[in-house]
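Before I ask anything, here is the structure I am working with.
Should a chain be cited, it is by its letter among A, B, C and D, assigned in written order, with residues numbered from 1 in that chain.
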Amino acid sequence: MQPKQSPDRTAVSNLPPVVNDFCITFSTVNGSGSATANTTILRALFRMGIPVSGKNIFPSNIKGLPTWYTIRVSKDGYLARVAEDDIVVAMNATTFNQELDSLVPGGVLLYPDDLPVKVTREDIHAYTMPVKQLVKEADAPPKLRDYLSNMVYVGVLAELLGIDLDKIYDALDFHFKGKKNAIDSNFNLIQAAANWAKENLTKTDRYRVEPMNGTDGYVMADGNTAAALGALYGGVQFVGWYPITPASSLVESMNEYISELRKDPVTGKNTMAVVQAEDELSAVGMAIGAGWGGLRAMTSTSGPGLSLMAEYLGLAYYTEVPVVVWDVQRVGPSTGLPTRTAQGDLTFASFISHGDTNYVLLLPGSVTECFEFGWRAFDIAERLQTPVIVLSDLDLGMNQWMTRSFEYPDEPMDRGKVLWEEDLEKMLEKTNGSWGRYLDVDGDGIPYRTVVGNRHPRSAYFTRGTGHDELGRYSEDPEVWQRVLDRIAKKFETAKKYMPRPEIHPRENAKIGVIAFGSTDPAIKEAGDLLEKDGIPVDYLRLRAIPFTEEVDDFIQRHEKICVVEMNQQGQLHQLLTLAYPQYATRLHSAAHMDGLPLTARWVYDQIQSLEEK
Amino acid sequence: MQPKQSPDRTAVSNLPPVVNDFCITFSTVNGSGSATANTTILRALFRMGIPVSGKNIFPSNIKGLPTWYTIRVSKDGYLARVAEDDIVVAMNATTFNQELDSLVPGGVLLYPDDLPVKVTREDIHAYTMPVKQLVKEADAPPKLRDYLSNMVYVGVLAELLGIDLDKIYDALDFHFKGKKNAIDSNFNLIQAAANWAKENLTKTDRYRVEPMNGTDGYVMADGNTAAALGALYGGVQFVGWYPITPASSLVESMNEYISELRKDPVTGKNTMAVVQAEDELSAVGMAIGAGWGGLRAMTSTSGPGLSLMAEYLGLAYYTEVPVVVWDVQRVGPSTGLPTRTAQGDLTFASFISHGDTNYVLLLPGSVTECFEFGWRAFDIAERLQTPVIVLSDLDLGMNQWMTRSFEYPDEPMDRGKVLWEEDLEKMLEKTNGSWGRYLDVDGDGIPYRTVVGNRHPRSAYFTRGTGHDELGRYSEDPEVWQRVLDRIAKKFETAKKYMPRPEIHPRENAKIGVIAFGSTDPAIKEAGDLLEKDGIPVDYLRLRAIPFTEEVDDFIQRHEKICVVEMNQQGQLHQLLTLAYPQYATRLHSAAHMDGLPLTARWVYDQIQSLEEK
Amino acid sequence: MTSQPTVRQQADTNEAGLTRNDYKGAPSTLCQGCGHNSISAQIVSALYELNVVPEEVVKFSGIGCSSKSPTYFLNRSFAFNGVHGRMPSLALGALFADTSVKGIGVSGDGDTASIGMGQFKHVMRRNLPLVYIVENNGVYGLTKGQFSATAEQGLTLKKQGTSRYLPVDICMEALIANATFVARSFAGDPKQVKELIKAAFSHRGIAVIDIISPCVTFHNVETSIHSYAWGKENEMPLHEISYIPARDEITVEDFEEGSVRTVELHDGSVVMLKKLESDYDPTNIYEALRRLEEAERNRWLLTGLLYVNPDTTTIFDRYNLVDEPLNRLSPERLRPPRESMAKLNALMF
Amino acid sequence: MTSQPTVRQQADTNEAGLTRNDYKGAPSTLCQGCGHNSISAQIVSALYELNVVPEEVVKFSGIGCSSKSPTYFLNRSFAFNGVHGRMPSLALGALFADTSVKGIGVSGDGDTASIGMGQFKHVMRRNLPLVYIVENNGVYGLTKGQFSATAEQGLTLKKQGTSRYLPVDICMEALIANATFVARSFAGDPKQVKELIKAAFSHRGIAVIDIISPCVTFHNVETSIHSYAWGKENEMPLHEISYIPARDEITVEDFEEGSVRTVELHDGSVVMLKKLESDYDPTNIYEALRRLEEAERNRWLLTGLLYVNPDTTTIFDRYNLVDEPLNRLSPERLRPPRESMAKLNALMF
């Protein structure tokens, strides 16, 4: 078979090569096994020392619908999504034209030679691959053939771009956990495909990779795994959960690591339990029960589940039970787009449940931070005796990110003000016997608590969501109600002392400040560089928690124009900042956008530029 | 038996009498049947043409705990709570001292002669009543004695204050629905007690009543009954509900009136159904199903129930289903104080459910307005195809208020853009067959809908909480998502056209503006009069709905200082106004207070006065 | 004795004048081989054969692969795909709008037996006229295979480990909750599925069909009660079931004495149950429970019409509603007359 | 054969050295005569007689008059009064904290059978060691007497009209959901209530006691199955039940042959069931269901230990937990060692 070649583009290829700076999209159907192929390429590039990020855009079903996987290769370490593709591997005829459109001029198109499509663009480099033939030659068992097809493009791409086959081998070795058979059958096909490409394709495009030193000190991981591991290091003891995309993999990866990390070395028994509940009302109820019982307790969910937790969270808020809730956000309202990313639960999470409530929110902005907040959330929840909601999102939680290595917790566990038998005895001595569950002994709004199993005859108290006084007794007294609720609100002030501080990225002569949080970080950093090049330096504050700490106050004070960048419709962070800083309300400009896809640096650039012009 | 007399206070009684301007509190235990006695007095006063209001402060249990009922008698028509009492009828020894403290100097204390208490104040007029003896003489059956005790104070008070016994008879007649026996056994005792008082008590205090003309055009009713009736006049067709204090009586009174108001005159069959659900998730689910099916559908609940409705309301918001939710607010968070009043669900209701949502809120400020919004809420919900949340509260909902007579709806029913078979046919002709459930045909953001049972073969569509396009088809397309959600948000703009306008009470030379909503109205109006007397005239805008309409904008623009008065901890209306008017954020001052009791004019006065001084 | 059309029609149109296509939905996006797809196909066939007008059917579902199914049949019917586990309440409200339309709800085992247990139980006792199909695969398909509440205790799945709890039996739950039509079937037995659906459509009240519907992607382990392989081997039908429309005459003489039981449904149609191994009386709840327990102990897949009570009142009967659809009542019939206002105000005291 | 104290103690202290007062709670604020108050009294007695240390008990409840009860017993025990209908999840989480303490939950029929149906069913199948008492009065007491899901169909209450739906039978629900200890009792039969509570405390796993507990204020209609009058007239105990602590010897010889059945519970204590009208075997689920159905049909108040399975594993057994209370583990035992970090990072690829 004579391979179909792309038209000769010598004019283009006279341009200098584009090295380690492009974006590849793989278009496949889900359930076809392309994930292995895609992450193999991602990992091989990472092992070559080249900064990479991978994003999966997948449908809310199991098999047979279009799926895209995008790898950004960036020598400068930019990890954000870009809207256009440099290289497309098109395995799915139904979306072919859409992909064709997304290619930059001079871009590369790779597709199986039997794909019933027509290439209608002249300004790109198109290569076909004899996928069927190569798979056939590999002599694979029929039921594996579809899956193996994907290895063909791995090999062809490796050859075209110059990806190190050794690194590909490493990636497969990792993926198949050293299982020789699996590794070899995949690798052989990749190698065959690479060989075929070497012999049959004339490279006319400019893209290629070269080993570099850009990934030292980094690992590849997704935020959900990181959060799970962080929680395990944080000593989580009880998890109540209910499956929901994109949060499921958080607890699922926890399950995977329990036996390694949380079995008692002596007895081989577990120091924690994960219970799959019948729904989210029950999941959070279990976690609250456990938190009340003195366990480090958590649940993880996404939007619809968070909505179902509203009543119970109000109970935990008012009865002052520490509990950690991970909300891995997806696009809402309602079921919305379950497999797309957003930051749309911020306002709801802040005020969740009827009556006056106010929650401590943690806002991880990287996978490494998911790990950190995985453990730190417990310290904060137990210290403050209040629910802590951690807002991650699908992009952060489910995609593979190049991220700084996880660091062992740099602080000892803070179990907060818990009194065991002897502590209580001492406390009673100190206070002449006047200990009460809700007494503000230290003036910081945080009372002392005893927990289930404490055998001291004075330890027990009655916990109730109805009005209660400092001793936990039922009360309908108006003054008592006000006093207790005001003290609880005071904890939100005290909280500031324990909050992770924002990360501030200043630039010289910056007039505009950007405030943002979470997974939009890479897009904003990249936009910052672009803007600086164009003479618009901006300072950037990445929030890591709410309540806001003094640094935020300060940052806003120092900038006449603040652009609040976020991934939702209403500008929810902008709302919360407006509420916290009404005096600066007019400085705060909202740049909010949500269509289910991660923000691009370009979009951020445009927002800030237009603000600058205002 | 020689009746114990209060010390002679001729000095005091030389002062002019206090006519139709005082406050009586009845202190009893709940479940003792005092409600009949108290409302009898209330009604008799009302029938005498004297403006009155009655407030019940009751515990969250069924029987045997302290309960207070307060009647304010006000020739000027002030209906707000006052913190001090002029007259106390103390039937409960356990709270006696507390009541004694609450009396103004020169106040009146009435209590049974066998109450084991000591009157420690000299500056009041204390009268004892031979309750046991009078009840015994009335020869009542033993199991009725406790209950009848309350009639004794009715009689004594009637005599002391000059309440017309005929009017008391009328009140009993009404209460016992004309049942002669019941009326007489009560009335006879009242009369005996009045006679006893006439013969044995020397009136030394200054308080008395006189007939006047202050109640013409008014009725006595509670907000829940009014809302129920309003809904019946609004053509409500389906109610899904679950009992909860203080909302239960809303649907319960609806049940009482169905047979009178909503039976088909010809067939005697019902034109509506009320289903008691198993919980609030189900209650709102049923209502949403019914609203989707083309019925005027509603549910009613209070805080905890609203929390449970979060997920389902998000569905209704995004699928654009008209449904009305009455939230009769009580004190939260959590179970809180179930029998006390608050305005604490405002922020939560505005943003309920994950993702970007925004609800139309109606804010009734009087019982008559509960009636009005009872019907109008359906017009708005169906017009906008969106959930409408009506925020009432315990004070408004459960207490008897003197309120303007209900007025027959002054507008025809607005069923919104519903297409039946012929309408659809015409629409298809007009649009060349391109009708779709979510197409914005009119440019106001509101699409046309068909409903279940429409037999036109083009009428059906698929409703889903997942991403969908203008034709209702499943879609994960980023642009489609954004477009549809933006159109839905646009309805919030369109909504302004249909919102009840705020009520504005201007005063000459006012510099300060007050913004408030709901049941705080009487306290604010009264405070306005007090302030004006003291040279601080204030303008007052009472919000009746959210989104805010241009009048609000205007009002804020015209005042340098705005005092936002509300009954919650955080200043939630202040928050919403800040979000809507960031440019005026610094003008908005929060005066928020919540302890479970209705606001007093005095408290409002102090807030505004201190703002004036700033 | 087979169904004999009384009206002549074109080969490919039914008595409603519609073709099979008129009952179809959008192309399925579920996995190939998924049990749910075969059930959708049987719904299409059953409704086509029943001559139901699609506009007179409303579809409901919760969330899950199973709950997506309504997209794949009856394009011409209204549908509401709600939130996870709360389909019954949505259906109840919507069906009040026009009690002349027939509801069909499709749910999954997670949607019904895990998160949805409460609403499931309560819609049973209300006897809402609704065909309630549970596509039961023992896992949460859409979230990638976690155990649902119907997973067998001890079942081990590669990614999930071992299920710790005793399973919920949806048919037992329905029976105890006073459901008036309870059946179990198997997606691998399309004929039975279809006949049961037809019978369910004619039932006056709630009709639950718990259909074992293998998830070929996450839970098709051959030793599992929820797999095709196991079902094919171990299905034990209580009887051979056929649905006979009201208009057809039944000639029981065609059958051996005692070999057939019939149950007449509310609309005059008849369910004919041909005796297999032993005679089974589908009007005895405790017999149903006993057989279910026995089957569970032996890991047989007991299928067929477990219980039916054709003669109770539905929720609608208990509300004394006007005859015409509520949602077509004119404003005049909904708003009390102007005169009533003054009378009412007089009562407000 | 009565319980013979092995340790000498003062007349008014039990073997734990505590007086009855140590088991009491705050004064009740429920209505006088409310069934719930008598149940609280029996809880106090049972625990006093069981010599349980109050600090080793945790109380749970939902919302309702019944759910307030934990305030009125065991002042010295921890308690969590949660949200309406969701007590089981709260209890489950809390009991994981220290599996050496014993949980007792008090709920109402509304709290359990209406809003709480889902959590109720699921905590059954998890076999959480918890004494789960339902104070069943057929109404929502605290919200003033609306019908709950256990109200009989056709029951008419003055303010509420007539109940439209068939009632939920809490014992049947528990049985079908694989609860391992299921009993019904009557607040008007204090001795039985007490013995059942004692047995429930010794049971390893979930122990449901559905106690008819009249609401004297809103639902004490003499013809109603939930009233005192009706219960007194129509109670039909399955057996006379006595609880015998592990340390006591039983001399069955004292009894007529065949007149007594015994069930040994996990902790060695024994439930002795003295035969009344007929012999009843409390280890047969279907017999239990049959008797319940028969009783329901005849409107008898069938009481006693309906079912017990003393030998299954609890949820805790299935989690392979360390022996000491989880909530007492030191940070060192909870945080993996520092060395593990590098290894983990190497896996992140």
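Keep in mind that, in the parts below, contacts are C-beta pairs under 8 Å (C-beta built on N, C-alpha and C of every residue); 3 or more make two chains touch, one makes a residue touch a chain.
Just so it is clear, the model here is predicted, and its values are computed rather than measured.
Among the other chains, the CA centroid farthest from that of chain D is the one of A.
Just to note, of A-C and B-C, the chains joined by more C-beta pairs in contact are B-C. Averaging Cα coordinates per chain places chain A and chain C 40 Å apart. Separating the CA-averaged centres of chain A and chain D is a span of 44 Å. With centres set at the average Cα position, the gap from chain C to chain D is 35 Å. Residue positions of chain A touching 2 or more other chains: 59-60, 278-279, 304, 311, 315, 319, 334-335, 464-466.
With touch defined as above, residues shared between interfaces to two or more other chains in chain C number as follows: 83, 114-115, 117-118, 122, 149, 315. The touching residues of chain C, when paired with chain A in their complex, are 29-32, 63, 65, 68, 83-85, 114-115, 117, 140-144, 146-147, 149, 159, 161, 217.
Considering their complex, residues 31, 59-65, 242-245, 248, 252, 255, 276, 278-280, 304, 334-335 of chain B touch chain D. Taken in their complex, chain B has these residues touching chain A: 59-60, 302-304, 306-308, 310-311, 314-315, 317-319, 327, 329, 331-340, 342, 344-345, 347-348, 351-358, 464-467, 476, 478-479, 481-482, 485-486, 489, 568-570, 572, 575, 578-579, 582-583, 585-586, 588, 594-597. Contact residues of chain D toward chain A in the complex are 53-56, 58, 70-71, 75-83, 86, 88-98, 100-101, 118-119, 122, 315, 319-323, 325-329, 331, 333-336, 338, 340-341, 344-345, 348-349. Against chain D, the residues of chain A that register as touching in their complex are 43, 46, 171, 174, 219-221, 225, 229, 232-235, 237-238, 240, 260-262, 264, 267, 269-273, 275, 277-279, 281-297, 311-312, 315, 319, 375, 405-409, 412-413, 415, 420, 450-457, 459-466, 474.
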